Structure formats: C-alpha cells, structure tokens
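In the two assemblies presented below, chain A is common to both, partnered first by chain B and then by chain C.
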Partner chain A sequence: MDKITIGIPRALLYYKYKDLWINFFEKLGCNVIVSPCSTKETLENGKKYLNDEACLSIKIYMGHVDYLKDKCDYVLVPRYVSLVKHEKLCTNFSCLYDLVRNKIDVPIINYNIDIDKKEDEFYAFTGMGLALGFKYAKVVKAYKDAKKDEKISSDKRLLKQKSILGSSKNIKILVAGHPYNMYDNLIGKPIIEFLKKNNIEVIYADIYDKKYLKSEVERITKRNYWTFNKELIGSISHHKKRMDGIILLTVFPCGPDSLSNEMIIRNVLDVPIIQLVIDELDSEAGIITRLESFIDILNERRQVHE
Partner chain B sequence: MNKIISFPHLGNYSVPISFLLRELTKYEVRESPPITKKTLEIGSKYAPDTVCVPFKYNLGNFIETLDNGSDILIQAGGGCRYGYYSEVQEKILRDLGYNFEFINLIDSDKMKIREVYRTFKKMNKHLNFFKFSYYMLLTIQMIRYMDKLDEIIRHRIGFSLNIKDFTNNKSKMLDEFSKVNSFYSLTRKYFKYKKIFKNIKIIKPNNCIKIGIIGELYTAMEPFSSYFLEMELAKNNIEIKRFTNLTYLLFQKRRQTKKMLGKIKDYCTYTLGADGMDNVYRCKYLIDNKYDGIIHTKPFGCTPEVGAIPIIEKICSDNCMPIIFFSFDSQTSEVGIKTRLEAFYDMLNVKKG
Partner chain C sequence: MEYFLGVDIGSISTKGVIIDSNLNIIANSYLWTKGNPVDSIKRLLNDLKKQVSDDIKIVGVGTTGSARKLIGAMLKASVVKNEITAHAVGTSTLYPDVRTILEIGGQDSKIILLKDGIVTDYNMNTLCAAGTGSFLSSQAKRLDVLVEDFGKIALTSKNPAKIAARCTVFAESDLVHKAQMGYKKEDIIAGLCYSVCNNYLSNVAKGKKIEEPIIFQGGVSKNIGVQKAFKDIIGKDIIVDKFGHLMGAYGVSILALKSKERREFTFSVTDDDFETKGITCNKCGNNCEIVLVKQNNKLIDAWGNRCENGQVKI
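Moving on, here comes the complex of A and B:
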C-alpha cells in the first residue's frame, strides 16, 4: 500500500499546532507536505475564492489550500469552535471547513473541536485517524506521542524566550498578534525583520507560561470570551512591566481584534502601544515610517529614564 | 430624584422593551432619541475603526441618551461580536467622562432567566418572581404578535393604494400595544389590528415579484441601518419575506438548527457561526418556494456573514437564483443603494417577462 500524503496549509492554525499535526501524521506513517511560505501569489490565488471583505489571514489560507490541491491525497482543514468552556474562537474557524469544501475541489481530512458540545481534542484526533483507516491503538499511541513532542518543543521555545528576556540590554518590544499573523511571511515577517535589523529584541506574545492566565486577563478585561485574544491579553499583562513598547499587530478587518485591541489601548496606559493594521494593499513604506518613529520614541524614553 | 433608564434602539422593539422596563423597575424609562445621521456620526467618531456598524449605532444612541439625562444604560449580549460590545462601550463612555450605571442583561450566549431576574431584582426591591415572569411572558407574547403582524404587513404593503394606510395603522398599533396590562387586552388588540391590516384594500397581481431578505440581524431589524430598504422595495410593488426577527432569534433558532442542517447537508456540515448557516438554509428555502430574488444585507466586516457569503453565492449560482449583496457602513451613500436596487428590480422584471 502506498503511503497516504497529507497536505497542511502553512496558515492560520498551522503556527499553533504544527508540531502536533506533523508529528501525529508522521507517527501514523503518512507523508506530510507543508505548503511553502506565503507569497504575493498565494494571496492572489486565495482572493478569488472569497468575498473581498474577508480578512487577510483567511485569504492567505485559501491560497495555501489552492497550492496543495493536486499535490496530496488529503488536505487537513480542521474546524475549531471553542477550546475552553464558555469561550469562543473567531467564527472564521468554524466556517473554514465548509468554505473550503464548497469552494475548492479537494479531498479534505477534517476534525471538529467544540468543547461546549463535548468534542475534545483526543476524540477529534482518534476520529480522524480512524477515518484514514488506521487501527485504534496505533492512532491513540500516535496522538499521545505527538502531544509529548509538542510539549517538548513548546518548552524549548519558552526557554529561549526567557533567556532573551533575562539577558539582553537592548530595547525590547512585545509583538502581540495572533501567531498566524506574526509568523506569516507576508504579514508579520517584514515587520519583525525590520525590528531585528534595528537591534531590537522581539518578544513574541504567544510564547509564555499560561499558568496565571485568568488573573492576568482580568486586570485588563472581564468579559472577553475569545480564547486567542484572551491569551494575547494575558501575555501583554504578563510581560508589560519588562517591555519598552508593545506592537499590536492585526489584519484588516479582524473581527475580535477590533474590539479587543481597543480595550487594550484604553486600559494599558503605562507602556507605549502602537497598533499596526496590515491590509492587502501593500504599503510597506507607510508601516516602516510609523515603526521608525515608534522606535525613536522608545529610545528617547529610555534615555530620559536613565 | 428618580433615575432614568435607557437602551439602544432596535427597530420597533423599543416598544416592548420599554414596556418591560417600565413595569419591572421603579425608574423612569426614556427611549434614546430616534436614530438620525447625527447618531451614526457621533458613534463612528468614538468607536474603533474596523468595528461593525451596529456598534457605532449603539454607541451613538448611548451618547445621545446620556446627553438627554439618562442615568442607567441597558445593553444585551450574545451572538458573535455583540457579546463583547457592552464592556468596550462602557469603557469608551467612561473615558468620555460620562457618569452612569451600566447593566448587561444577557451574559453568555444562552439566556439564563434567573440571572435576568437577579439583575432586575437589584433595580427594584419590591419585585417578586411571579410579577417578573408575568411581565416577561407578556412582553414575549407582545413581541410574537408584533412579528406576526409585521409578516402580514410585509406581504401586503407593496400593493396598497396608499402606503400610509399601513404605516399609520402600525404606529397606532404600537401605541396601543405599549398601553396594555394583561394578556386579555393584548390578544384583543392583536386580533383587532390583524383584522385591520387584512382589510386594507390592495391590488395584488398573481405573478408579483417576491423577494426574500436575508442577512445579519441588526441591519435586518433596524430599518435606519439599511436605509429603509424594505420601504424602498414596498414602493416598487414587491412582496417581501424576511426571516430574522426577535421571535426567531430568541426561540425558534435553537430548535431549528438540526432540521436546517439536514436540509442543506450538501453545502454545510456544521454551523458557520452566528446566523451564517441559517442564511444558507434560507437561500435553499427561497429557491424551493420559487422566490424571484434574494437580498443579502450585512454591516461592513461582519465576520460570520463574510464567511457564509461564498457558500451562499454557490448555492445561488447552482440554482440560478439572482442575489444582491449590500454591505452597510457609516460611509454608505443612499443613492448608491437605490441605484443598485433599481437595477436589481429591473433585472427581475425582465427575467419574469
């Protein structure tokens, strides 16, 4: 029997679950293809499937699926509704599966996570493994091993960030955005590269110890119910004392961010904050100018404090 | 001094809401001033840029009513971004320097009657559970009757000899509804106006154009936010079918989800968030019932609808159903909407022959 090839689009939740996904499928004995980093072409390809008001991240996602469509047996398109009880994710994640199914003619392997309806990750992954035709025991073992590997690599990233936080004397900026925006080649990469070129330590908001998440979030907002935004808010409140500045990185028109960022800007007053909204019209010069002046402000501020 | 309580507008539903508040609290109820261009202007001035339009309308309502002397504001939650409106709006208003009490009626997605009761109990110590549930049910019944009468009006208003027959009677009806005090008088009023609306003289051709309006809930229920789209259609002799109303959102939606998913399983396996899947089902319904066209309305950047639109487009193109999409923002020009609507209407006329 030939090996099954699974395609994983390098967008949206890939940046959060890549270790879990790749390890799970490799332990099951599948080939895994990850689509290459997004380019202008990816965006152009993705745009034609969607309404022009859709957010930039999901347009890029469709472009990645489009790239994978004749290169693999199945494309992984999961559906996420809620990860924590009484909390939600952006509705884009819950319509993603049906969107891809209706718009792009490609075989899909799918799982559904909805904690409010008692569909958790273990149940979802075993269901997916069985649908691919593997034995139950093998699937369970693959899931558990993949979960362990995910833990190890996330610990590694946490340690690396901690060492930067402890040692470096440079200006530190917290980049607070969803992982799929921060690490994307089109959205976050140019900004982060520019910061690094200017000798600034970039701290990623998604890497931190989420032990005290609840109490940290409540310092800024009480009713927010988007899990990913809560994690960002928790990270900001966790890091802000050690930061020189915060960049709120978002795309146009992100639904949850529009309200949640407004709340952050109005409540976090002791650290300079800049909100960068990236849209598909490419205007890097404008963003670089704003960043330059932001960095100048931070430099001045530091000199005054010293 | 007696405190004044107020809430944002949502179409005609301000009548039952203010009725409920008047009966259950000891405060004076003052509706926020009617929505005008100015409301939207104020709202968009202080709201975040990329937020959807209902937020701006609500914020404008709040600011206008606070300037008018209100002390307590009420906001509901639930749905997609609606649930988080209240906290951000409260923060914005406090930053502007207003002094007020802010009450959020519904906390999570599901309405918990005991929590609502507790909220009202805080406002009025003499309230007991019997009185609370009596007026709650009376209000719900009023909303039901209003929605039923609205449906009759929508079927007939396009063909009346004089549109004012309907609009005048409707405002009379709302006025009388707000003065009822028992189920008996409410039901009598309902049947009285049902008779009136059914007896207004109309000339309805057999093959009139029928259009279904689907889309996001606020633009569907608040006529100002869709620039009086339904009125515009009525002037052109069109029968209108609209699905979204409070009865649907509060009671029918939860029961029907499974049934709807079964009917459209070729297009949707899961719900799409907020009203997304409902709208795909409505398309299917309108196609099956041989409607002539569909109008989809939403505020700019409404995430669940934007996600559902590609699927709606597909189901419509698979079945050769004309559909037009309207996206309302604070900058939308009324003339542009009218022109597009006229073109759509002309196209339907030609298609019908």
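Moving on, here comes the complex of A and C:
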C-alpha cells in the first residue's frame, strides 16, 4: 500500500498544534506536507471561497487549503467547539470543517473537540487514526508519543523565552495575539521583524507557563468565556511587570478580540499598550507609524527610569 | 548661526518651519497638499525662501507626516520621524509642563500623554476616520455651510442636537433625520461638534486620564465649536496655540538640530525634476508594490519590498 499523504494548512490552529499533528501522522507512517508560508497570493486564493464577513485569518486559511487540494490524499481540518468546560472558542473554529467541505472539493480528515459533549483530544485522535485504517494500539502509541514530542518542544520554547527574559537588557515588548496571527507571514511577521530590526526583544504571549492561568486571568477579569482570549489575558497578566510595552495584535474583523482587547486596554493601565488591527490594506504605513512612535515612547521611558 | 528646516506633510496640508539654533521659528508656511506631495513641497519651499535672507545656512532637514519618507528622500533629510514623536517634541518645547495633547487632523486623530516632557502613552484612531477633519468638511458640504464658519455657527446654538458619533455613515443619517424633524441648522452643527468630541473621547482617548495643561492641535482645533465642546465635556481648560498647526514641523526641525548629522541644504532642489513611480514586483506571491523615486531621471530611493527579491539597487 502506498503511503497516505496528509496535507496540513499552515494557518489557524497549525501554529498551536503543529508538533502534535506532524508527529502523530509521521509516527503512523503517513507522509505529511505543510503548505508554504502565506503570501498575498494565498490570501487572494482564499478570498474566492468566502464572503466579505470572514476574518483575515480565515481567508488566509482557505488559501492554504486551496494550495493543498490536489497535492495530498486528505487535508486535516479539525473542528474545535470547546476546550474547557463552559468555555467557547470563536465560532469560526467550529464551522471550519463545514466551511471547507462546502466550498472546496477535497477529501478531509477531521477530528472534533467538544468538551461539553465529552469529546476530548484522545478520543479525537484515536478516531482519526482508525478512520485512516490503522490498528487501535498503533494509533494510541502514536498519539502518546506525539504528545511527548509536543511537550518537549513547548518546554524548549518556554526555556528559551525564560532565558531571554532573564538576560536581555533590551527593550521588551510582549506581542499579544493569537499564534495564527503572530506567526503568519502576512499578519504578524512584518511587525515582529520591524521590532527586531529596532533592537526590541520580542516576547511571545503564547509562550508561558499556564499553571497559574486561572489566578492570572482573574487579576484582570472574572468573566470571559473565550478560551484563547483567556490564555492571552493570563499571559499579559503574567508578563506585564517585566515588559516595557504590550502590543495587542489582531485582525479585522475578530469578534472575541474586539471585546477582549477593549477590556484589556481599559484595565491594564500600568504598561504602555497599543492595539494593531491588521486588515487587507496593502499599505503598511499606518502600522509602521504606530510602531515607530511606540518604540520612541518606550525608549524615552527607559531613559527616564535610568 | 546654523539653521534647520522641518517639514510636516500630511494628507490634507503641508506645513514647514525654519528655526535657528536657539529654537526660534524664523519662517513658517502652511498650504494644502492637494494630493500631490512633491508639488506641494516645492510650493512650500518657495514660500519659505521668500521669508528668509539668501545667505542663511540650513544644515539639517527633518520630515514628518504621512509622506515623510518620500519628502525625506527628496530633501535628503537627516531625520525622518513619525508625527507622534514630532508633535510631542514640538509641543513640549513650547509648553514644557504639558500633560495632554489632543490632536485631530484631516484623517487621523490622536492623544498623547506626557509627563516631565516625556511621552508616556499615546493612542491613534484605527481603521476609521469618523470624527476627523474630513468628516466635518463632508458634513459642512451637506449642510451647505463653509467648514471655516462651522465653529462660529455652532456657538450660536442654545440647544445642540444629539448626533451619533460612532460612525460617519450613521452620523450622516442621524443628521438628515434631525434636519427633517425640524432642528435648526445651528443646533445640528453644534451637535456635530459635540459628536466629534464624544467620538474622540470614546474611540481615541479610551478612558485615558486627561490631565492639565491640555493642548488641542491639528486642523480641527481651529474650530471654536469643537474647542467649546471639549471644554464642556472634559470640564477643564483647553489651550489652543496659534502655531498649533506647525507643531509637527517644529518638532521635527528640533530633532534635526539634535541629531549629530550636518548636511547643507539648498533651495535649488525646487528646480529639480522629481518623479515617483509605483511598480509591482512579481518575483514571489506577495506581489509587493515598490515605489521608485527619481531625481532628474536618476533613481535616488526605493521602498515597499517585503523580501530581498524586491530589493532595488541604487
């Protein structure tokens, strides 16, 4: 039997689960191809499938699926409803599967995470392995091994960021956004590169020890049922004392962010904070102006403190 | 004595000053950009040239505003700075104890908070231009009054109409509705001034603490109706400087002075032929738009590429 090829779109939850996904399929003996980094072309291709109300991240996602559609046996399109009891994810994550299935003619391998219905990650991954025709024991082993690999690389990232936090004397900015926006080539990368070029130490909000998540979140807000935004709020609360400034990075139009970021701006008053909303506009001038002046402010504040 | 030129080139207007090394403004000019920054900079330089003697030596140029990069390349500026820093530097030089700068321009609005002459926080309007100068001028057109008369008319109102400020489109339908209901024109105009302030306070100031002394700048600060509305809503005194519109240019000229670079500038640049051209790079999927600037047919600067593929050799 030929090897099964699984295509993974380099967008959305890829940036959160890439280690788990790639390792799981490789351990099962599948070929894995990941679509290349986003370009304007990815966005243009993705837009064809959607109406104008979809957010920039979803448009980019569809562009990645479009790239993979005739290059693999299955495209991985998960459906995430909830990760924590009584909490929700953005509806886009629950509709993603249906969106792709209805718009793009491509075989899909999918899994469903809905904690309120007791469908957890283990259940989801074993289901996926069995659907591909592998034996149960092999699937369980692949999942457990992939989980271990996921833990190793997330520990590595945590350690690296911790050492930067401990040693760097440069101005530190916490970039707080969803991983799929922060690390995307079109959305976050130009911003992060601009910061680095200006000798800023970039601290990524998705990298932190989530042990204290609950208490950290509650220092800023008691009520928030968007899991991903809660993680961001927890990270801001965890990091802010050691930061010179915070950049809230979001795309247009993001429902959960528009509520949550507004709340953060009004509640976090002890650290300079700006929000950057990225849309399809070609011109980066507005963003650069904001970043430049933000860096100027942080530099001046540093000088005064010293 | 050494002299420095500062230019603030915005979407609507172009501002310029020449200062001496004691930070005194010895020449200033203010004119419309009219969508052509290259042409407006030439008009600005000709106007400034008339105000100074021929033998002064300009040794540094600073540019700010949305066309700062283009004009910076044209004038070989030593400092190219964003407008927030430029405004803060200019204003805090004239008013060392200023705590809050409210600024409403043609298409953007911002708030800058300072302490001891240092910017501590700022915010700028995001994607939308509601409540800025261009909003007021489009509403003035609809009401058939000159935008310059707006403030005067607003002050005659005893009962300002309530107009939604969240969005220009809604504000416009609100305005039409109020007019059809029979509200007087001055009440609607005064209502618009209040709506600009409310919009600014909720969308730009976002609950930031506005402390005195407060300075109000930008084109809209010339509107006495908006000045009054701010005073009423904030409940504190608002200072409007007669040179308020020049603060960006003044600030960036000071930054040019403070920078170590010295490069002689001559007004002869107005005789040169400048050409800008946008091309699309097709070397990867990003299709970046690259801007080329030519002086007398010679390429002097280029930007806009996201990766090395689009790098233009100069």
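Rule of thumb we're sticking to: the second predicted complex is superposed on the first by the 306 of 306 C-alpha atoms of A that agree within 3 Å, B and C clash if a C-alpha of one lies under 4 Å from a C-alpha of the other, contacts with A are read in each partner's own complex, and residues count from 1 in each chain.
Methods note: a contact is a pair of C-beta atoms (placed from the backbone, for glycine too) under 8 Å apart; a residue touches a chain by one contact, two chains touch by 3 or more.
A quick note: this is a predicted structure, and the numbers were derived from the prediction, not measured.
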Practice problem: Based on the superposed arrangement, let me know which partner A:E53 touches: chain B (first), chain C (second), both, or neither? | Solution: first
Exercise. Could you tell me if A:D98 is touching chain B, chain C, both of them or neither one (first, second, both, neither)?
Key: first
Quiz item: Taking the superposition as given, does A:F252 touch the first partner, chain B, the second, chain C, both, or neither?
Solution: both
Quiz item: Of the partners chain B and chain C, which touch A:A285 in the superposed model: first, second, both, neither?
Solution: second
Quiz item: Looking at the overlay, does A:S167 come into contact with chain B only (first), chain C only (second), both, or neither?
Solution: neither
Quiz item: Is A:N224 in contact with chain B, with chain C, with both, or with neither (first, second, both, neither)?
Solution: first
Quiz item: Which residues of chain A are in contact with chain B in one complex and with chain C in the other?
Solution: 252, 266, 277
Quiz item: Once bound in the complex, which stretches of chain B touch chain A?
Solution: 48-52, 55, 80-81, 83-88, 91-92, 95, 104, 107-108, 267-274, 276, 300-304, 306-311, 313-314, 325, 327
Quiz item: For the complex, which residues does chain A have touching chain C?
Solution: 39-42, 190, 252, 265-266, 272, 274-275, 277, 279, 282, 285, 288-290, 292-294, 296-297, 300-301, 304
Self-check item: Interfacial residue positions of chain A with respect to chain B in the complex
Solution: 49-51, 53-55, 58, 79, 81, 86, 90-92, 94-99, 101-103, 112, 221-226, 252-263, 266-267, 277
Exercise. Please give the residue numbers of chain C that touch chain A in the complex, ascending.
Key: 66, 81-85, 116, 118-124, 126-127, 206-207, 284-287, 289, 306
